[in-house]
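In what follows, chain A forms one complex with chain B and a second complex with chain C.
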Partner chain A sequence: MTRRVAFPPLGFLSRVAETYLHALGVETVTPPPTSRRTLDIGVQGSPEMICIPCKLLFGNYVEAAERGATDIVMLGGPGTCRLGYSVAQQARRLQEWGFAVRVHTLDLYHVHRDIFRLTRAFADGRPATELVEPIRFLLALLDLTDALETGVLVARPRERERGAADRAYAAAWERIAALRTREELEEQRDDILGLLNAVGLDEDRPVLRIGLVGDVYTILTPFLNHNLEVQLGRMGVEVRRWFRYTGRVSLPLPDFLRMDRGGRARRAGSRYLKRDVGGFARSTVAEAALMAEGEVDGLIHVAPFNCTPETVAQSALVALQRERGVPVLSLSFDEQTGAAGVMTRLEAFVDMLWSARRRRR
Partner chain B sequence: MDEVFLGVDVGSVTTKFAAVDPQGNLVASDYLRTAGQPVQAVREGLSRMATLLPSRVRVLGVGTTGSGRQLAGAIVGADVVKNEITAHAVAALHFVPDVRTVIDIGGQDSKLILLRDGVVVDFAMNSVCAAGTGSFLEQQAYRLGIPVEELGRRALRSSNPVRIAGRCTVFAESDMIHKQQMGFPVDDILYGLCQALVRNYLNNLALGKTIEPPVVFQGGVAANAGVVRAFREALGTEILVPPHHEVMGALGAALLAREWSDGRPSQFRGFDVVHADVQTTSFECRACPNLCEIAQIRMDGQVMARWGGRCDRWEVL
Partner chain C sequence: MRIGVPRALSFYRFHPAWAAFFDRLGVELVVSPPTNRATLEAGLRYAVAETCLPMKLFYGHVRALVGQVDQLLVPSIQRLAPGSTNCARQIGLPDLLRATMPDLPPLIAPDIDLAQEARALLSLVLEAGAPFSRNPLTLRDAVTAAWDAYRAARQAMQEGRLTPADFDRPGKAPPWPPYGIPVAVVGHPYNLYDPFINHQLLVRLARLGVNPLTPERLGPQPGADYWAFEHELVGAARLALERGVRGVIAVVAFGCGPDAVLVDEVRQLCQEAGVPMMALVLDEHSGEAGLVTRLEAFVDMLRWRKADG
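Take a look at the complex of A and B:
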């Protein structure tokens, strides 16, 4: 039977993964975007006390299996957080529910190692030398999508016509999804980014800059975060996500020697959180500390309700706020579907940052 | 002719109205229970305001706030629709210009707003818990057979408060029942309850935040002298309760409308809007698997507003 691989819906990351798999010659299955149905399935198949990303991911896996996936890439791996245990439980639950799928874990602590491992697994015995080119394509793809992701976040608050930036972004993704080789990518790179650059922007419009830190699943799942990035964009906020691929790959050097952004962030954040406590907590705090050095007007920290690592990060951010005077809004998300509380906080936070800026003048 | 700015604050438990004159002085206010029917509450409140105000009054601007601010805004024709944090801060500043801390406890939510030099610098709202709100006090007062209005006065008489678990309404209730069956005086239990609410508030909302005087306490629960006393003792500072503490959100909305006005014409539909036929309906959008619940407001047959979706598919009329 032909292998059909599915990657859970995770914003641009799943699109990158799919495009890469296509370049490798692997068939894929695209699960539907995370929705209320995903949540219903996830809640049914998960322990009640587990965090919302775990529940939604399980729903994502089921929806992928329903669409005919034979292989599912699961996010987790030992040591990350509860997700590490969840993966094992979820794999078992899938079998219990009668889905005969092979599961593969992408360990969030060893992403590079696992990308290579999974590439070999899906390449069905092709020699490693033949995999060099696809991996170089993947790196170029990440570089391009980084530029696109940043671009849409910058364009949204400045667009003259509402929705123009998002339409250009969607058109750009259609082009990217069709790319198969590095040559094609390099040839079309300027055209693709040009789609976004063609959006009419009001460069004089004053915008706020807000750093978005916290759990990656929450940041990349509009269903869960009530379309946070788009809502902020409409309120005139340029969002800076903490995670970017570009400028983060470093030789395995000790932190104090690293010159890349990740290294600088680690040094800025070490005052508030010195070691890994699971999940994305350390990166969250490190990036927040670096952004607090004048890069942003304020920080929004998003976390799934009762996420242990992000709760630790939240306390560290309280210290950061007190010492550096950078406003921090912490939002935690769970199964609730009412958006009123989130919107009230966002509006109040934006009001507050504007008056802080006026006062600085 | 008298001129006013109106403010409407549609909260989860009560709906508040305030009118200020062009100088910002409160000229009339009122509040009533939302009773799960915000449309009805807005209409009834508005007609009551019409009788409280001079008959030939001119409304120069309207602001709405509270969790029902969009709905109220669509019905009355609001010029400003503002979140309740900003509205409460504006109102507190109006009474105490050098206020540094605003404590607001309403029926179903509580807020903490920190200000420095007249600007909001930090805030918190409770999100997952009702143990620190008015509904909790009301429920427990009801259980003890005491009118909630009397709770504060009775709590003041306590000299030896009983410790009640404050983390969660469920634990608090079983703790209270236990203490009551042990024979502790009701006044001491009531003040223990006020202290539990304050402890819950300070441990949740104020976590990691510095509360500095002057402290203004507003919202419906500020009427409760027992809670005021518990805050004063816990914070070791004077607690200022403004004269119209229960309508501060509405007052803030009215002041924001006044700020917005600057001679611009108001969208206010007039007091006659209370006679309009307002229908709210809802439907499930099937455009994607999110199946958002879209609420729709019709006034005299015409669709005034829609919301509730994760995207803006239905918001543009």
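Take a look at the complex of A and C:
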């Protein structure tokens, strides 16, 4: 039986993963986008009090298995947060529900190591030397998609015709999904990014800059965050995500010696959250602290309701707001969150930032 | 020099160690008074809404100490064993506190990571010991005394001579008689031994004729799994089931990340063993009457099961 690998829907990351697997010559199954049905399945198969990403991910795994996946890549890993523990429960429950799938864990604390480990597992005995090229392709792919992700966030608030940026973005992704080798990628790179540059932009339009920090799953799941990034873009806000693939692998230096952005962020954030408490809390606070040094007008912190690490980050951001005077809006999402309530709060926050900017002038 | 100790979270596990440690250094410890309504109200003013009740009470206990003491002891409890982890809030406790309250006295915040014992020891000595004594022999003596006191307290708890509620007033007898229907009551010590948080759960159980077997009474668990503390919770339930308890009550705080996963594990264990299980979820809105009704119904049901044979 041929191997059919599924990766849970996680915005651009799952598309990168699929393109990469295709380049490796692995067949993939694309689970349907996270929906109401995903949630219903997830709720049935998860402990009642667990956070919504765990529930949705379980629903994603089931929907992937229903579509015929034989191997599922699960997100987890010890030391992260309860996701690290619940993967074991989820894998067990999949078996109990009668899905004969092999599960592979992608440890979020050791992404590099696990990408290599999974590559070897899926490459079926090909020698490591043959895997160098696919991995270089993956790095180039990440670099390209990073430029695209940033590009669409910059273009959205400035587009002359509503929806033009998102159409160009979708077209660019179609091109990317067809890429198989690094040569193809390098050849087409400028064309692909050119699609986005061809969108008519109003360069003089004043836009707000808002840093988007918090849980990565929530940021990358429009179903959960009620399409937050697009809504903000249409309100004239340039969104800056806290996580970016910068194309550089940093040296394992102590924080005070690191000159790259990650190191500077760590130093800025250590005043508010020094210890690693799991999840994305420390990186979130670190990037938020750096962005608060004049890079953005305000910060939006998103988290799934009841996320333990992010409630720690939330408290640290209260201190950041108090000391730096940067406005912070904390939004937490769960299955009960209503779209209208989110929109009202976003509009109020954006209005407030505009008046704050006018006052500063 | 007076050091304040909030009567919350890790107090219910590590206080004997800290008491012995600072006693050897000649420093006075001041424990905040037992939890009451005012503790909760003070805590709610500072805590973010989504955090758990034990955390809110922790803030309340800190408020009771601010202004009364020169320094505050707020350890960051990170790991109890390799490969395990602890709740994010307890790891980041000193950072959280500093971010939440601007008017704090200086914090003594050692990183207690028992997966890296040398590092834990160094942090303990540098952060908690060195400000009070430069004499290496005194410091070594203090560390040894702390470790001995910790083990002695765990032994005393297992033998039923001590409960975490009485850590700062030793010699008081435990509140329950050693007879009655054996029921495992599993949960974090700060949920089990703070009578305010759980509406005097243990006393009520004893009055209903139940012998509540808590993890502290059941004794140590071999090994440690993903969450050190929660492993103890599940391990205690497993041990209790092996010893033939007639029911299991899991006590968890609403919004506790780790417990959300592990209550499910306990439920599964109980289902496999055919033993009734009840989960009590605590938050600041849980009413006393509702709890009493549930406890009475649960204990009645255990009696009927016995009568039916």
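Operating definition for what follows: the second predicted complex is superposed on the first by the 358 of 361 C-alpha atoms of A that agree within 3 Å, B and C clash if a C-alpha of one lies under 4 Å from a C-alpha of the other, contacts with A are read in each partner's own complex, and residues count from 1 in each chain.
To be clear about the criterion, a residue touches a chain if its C-beta (ideal position, glycine included) is under 8 Å from a C-beta of that chain, and two chains touch if they have at least 3 such contacts.
Keep in mind it's a predicted model, so treat the numbers as computed, not measured.
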Touching A:Arg322 in the superposition: chain B (first), chain C (second), both, neither?
-> both
Thinking of the overlay built on chain A, is A:Gly76 touched by chain B (first), by chain C (second), by both, or by neither?
-> neither
Of the partners chain B and chain C, which touch A:Gly59 in the superposed model: first, second, both, neither?
-> neither
Thinking of the overlay built on chain A, is A:Gly211 touched by chain B (first), by chain C (second), by both, or by neither?
-> neither
May I ask you to decide whether A:Phe223 touches chain B, chain C, both, or neither, giving the answer as first, second, both or neither?
-> first
A:Arg359 contacts which: chain B (first), chain C (second), both, neither?
-> first
Of the partners chain B and chain C, which touch A:Pro33 in the superposed model: first, second, both, neither?
-> first
So, does A:Ile50 touch the first partner chain B, the second partner chain C, both, or neither?
-> second
Kindly classify A:Phe305 by the partners it touches after superposition: chain B alone (first), chain C alone (second), both, or neither?
-> both
Shared chain A surface residues [contacts with chain B and with chain C] = 305, 315, 318-319, 322, 332
In their shared complex, chain A is touched by residues of chain B numbered 67, 82-86, 117, 119-123, 125, 127-128, 207-208, 210, 288-291, 293, 310-312
Name, in rising order, each residue of chain C that touches chain A in their complex.
-> 48, 50-51, 76, 78, 83, 85, 87-89, 91-92, 94-96, 98-100, 102, 111, 226-227, 252, 254-261, 263-265, 281
Sort out for me which residues of chain A touch chain B in the complex.
-> 32-33, 35-38, 163, 222-223, 226-227, 305, 315, 318-319, 321-322, 327, 332, 334, 337, 339-341, 343-345, 347-349, 351-352, 355-356, 359
Okay, in this complex, where on chain A does chain C touch?
-> 47-51, 78-79, 81-82, 84-86, 89, 272-279, 281, 305-309, 311-312, 314-316, 318-319, 322, 330, 332
